[in-house]
Amino acid sequence: MEIQLLSFGKIAEIITVKHVNIEGISDTDGLKSHLEAQFPELKNVKYKLAVNKLIVQSNTSLTHHATVAIMPPFSGG
Amino acid sequence: MEIQLLSFGKIAEIITVKHVNIEGISDTDGLKSHLEAQFPELKNVKYKLAVNKLIVQSNTSLTHHATVAIMPPFSGG
Amino acid sequence: MSEKKIKNIFVEGAISPQFIAESIAKHSSKTEIGGHGIFLGQVRKDKIDENTVAAIEYTAFEDLALEKMHLIREDIFEKYPLTCMHIYQSLGTVKAGEICLFVFTSSAHRKPAIAACEEVVERLKAELPIWGKEIFEDGSHQWKENK
Amino acid sequence: MSEKKIKNIFVEGAISPQFIAESIAKHSSKTEIGGHGIFLGQVRKDKIDENTVAAIEYTAFEDLALEKMHLIREDIFEKYPLTCMHIYQSLGTVKAGEICLFVFTSSAHRKPAIAACEEVVERLKAELPIWGKEIFEDGSHQWKENK
């Protein structure tokens, strides 16, 4: 299935693609492993995911065309 | 001896004189009694004294020409 | 939470002292207010090794940030008896010495205005998906981290 | 702040938003500042029985107030790592809706700026010999009491 990616801050410099096609992956833990394999630098960054604008606290299932935001620590203000 | 008086806030409406001559009075407790006798309304007001710009915490002796400020509760800001 | 109630907080570039003055002036007709708490964030010209911060470039996940801010706003209005609350966060480039955050809370009495202002600043920094990129004078950059 | 230079804090009449804007703008050259805490006191149009506050008229024992403020300033600079602190208190008449107190503290980081601002406001209200006379719309008055 296809996942839309939104990358922010430092992570926007690591993950430059806007979507990924993942086969056999159905949740955020799977997506994280997939992204960390494809973009090894991601392993050195603390980040959170938001699925369809909801911040993910634990492993969350993904559906086709879900939008996943990959967010390093916030530094507004 | 002569004492200069500075009255502030509500107390400036009660004590309108700028100085008092006190004979046989040598400290702030004596001055308070004297003023409360002369201006009975003063008894209904909470107030502090400052002698020569030093706020008085306990009975303090007075010297000729001392300046005594009579201050109701502060309400700045 | 209804969509129409979500207020924007983002402004492009620095927040000018003039804008702050106009915000303050607008409150003179709200005569039930006795105290305003204001926090202003200003971009520091930090020196890191041999390099100096010239500006911070802010980006945000705007939709999520505004939804989060809306929830914070509701929490704060429930917790404190405020008359009003205004929040402005810069996006884009803000030069060293310029204002990037303006939090403005007003109440009949000083304590809720001051406490609410502080709490909004803390929650905004911790919970809103906003990122600051420190741009150095030589053109290099690093990503800001909040303490 | 070890030298004995006593700064004035009193201004005649209301503090204008424009004055506040100018104070803020002056800090853009102090690029070590990261956060400003500001408190503004505004005169409330309180209703007491059938009467409405039109203005507050402030008087002070100015010499003693400035000496006290100087001590508070020294304490606060000792306690918090501040870049600067500015205090303005109105004397004379300030109409309902106008600003009568402006406390402005700046630091490299937000927490000392915010904490110092709050502490200055509390101490100023408790310790400075200043009195507010609430003038009602019918011309009568009562003396304000701080809570």
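By written order: A, B, C and D. Residues from 1 in each chain.
Criterion: a residue touches a chain if its C-beta (ideal position, glycine included) is under 8 Å from a C-beta of that chain, and two chains touch if they have at least 3 such contacts.
Chain-to-protein mapping (UniProt): A, B = Molybdopterin synthase sulfur carrier subunit; C, D = Molybdopterin synthase catalytic subunit.
It should be emphasised that the depicted structure is a prediction, and the values quoted were computed from it without experimental measurement.
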Identify the chains adjacent to both chain A and chain D in the sense defined at the top. C
Here the gap between chain B and chain C, centre to centre from mean Cα coordinates and rounded to Å, is 49
Inter-chain centre distance, chain B versus chain D - centres from mean C-alpha coordinates, in Å: 27
Taking the mean of the CA coordinates per chain, how far is chain C from chain D in Å? 23
Residue numbers of chain C (touch at least two other chains): 41, 110, 121
Hey, what residues on chain B touch two or more of the other chains? 77
All pairs of touching chains, please: list them by chain label. A-C, B-D, C-D
Tell me, which parts of chain C touch chain D in their complex? 17-18, 20-22, 24-25, 27-45, 96-99, 106, 108-110, 113-114, 117-118, 121, 147
Please name which positions on chain C make contact with chain A in the complex. 41, 58-61, 63-65, 67, 89, 100-101, 121, 124-133, 143-146
Chain B residues touching chain D in their complex are 6, 8-10, 12, 50, 53, 55, 69, 71-77
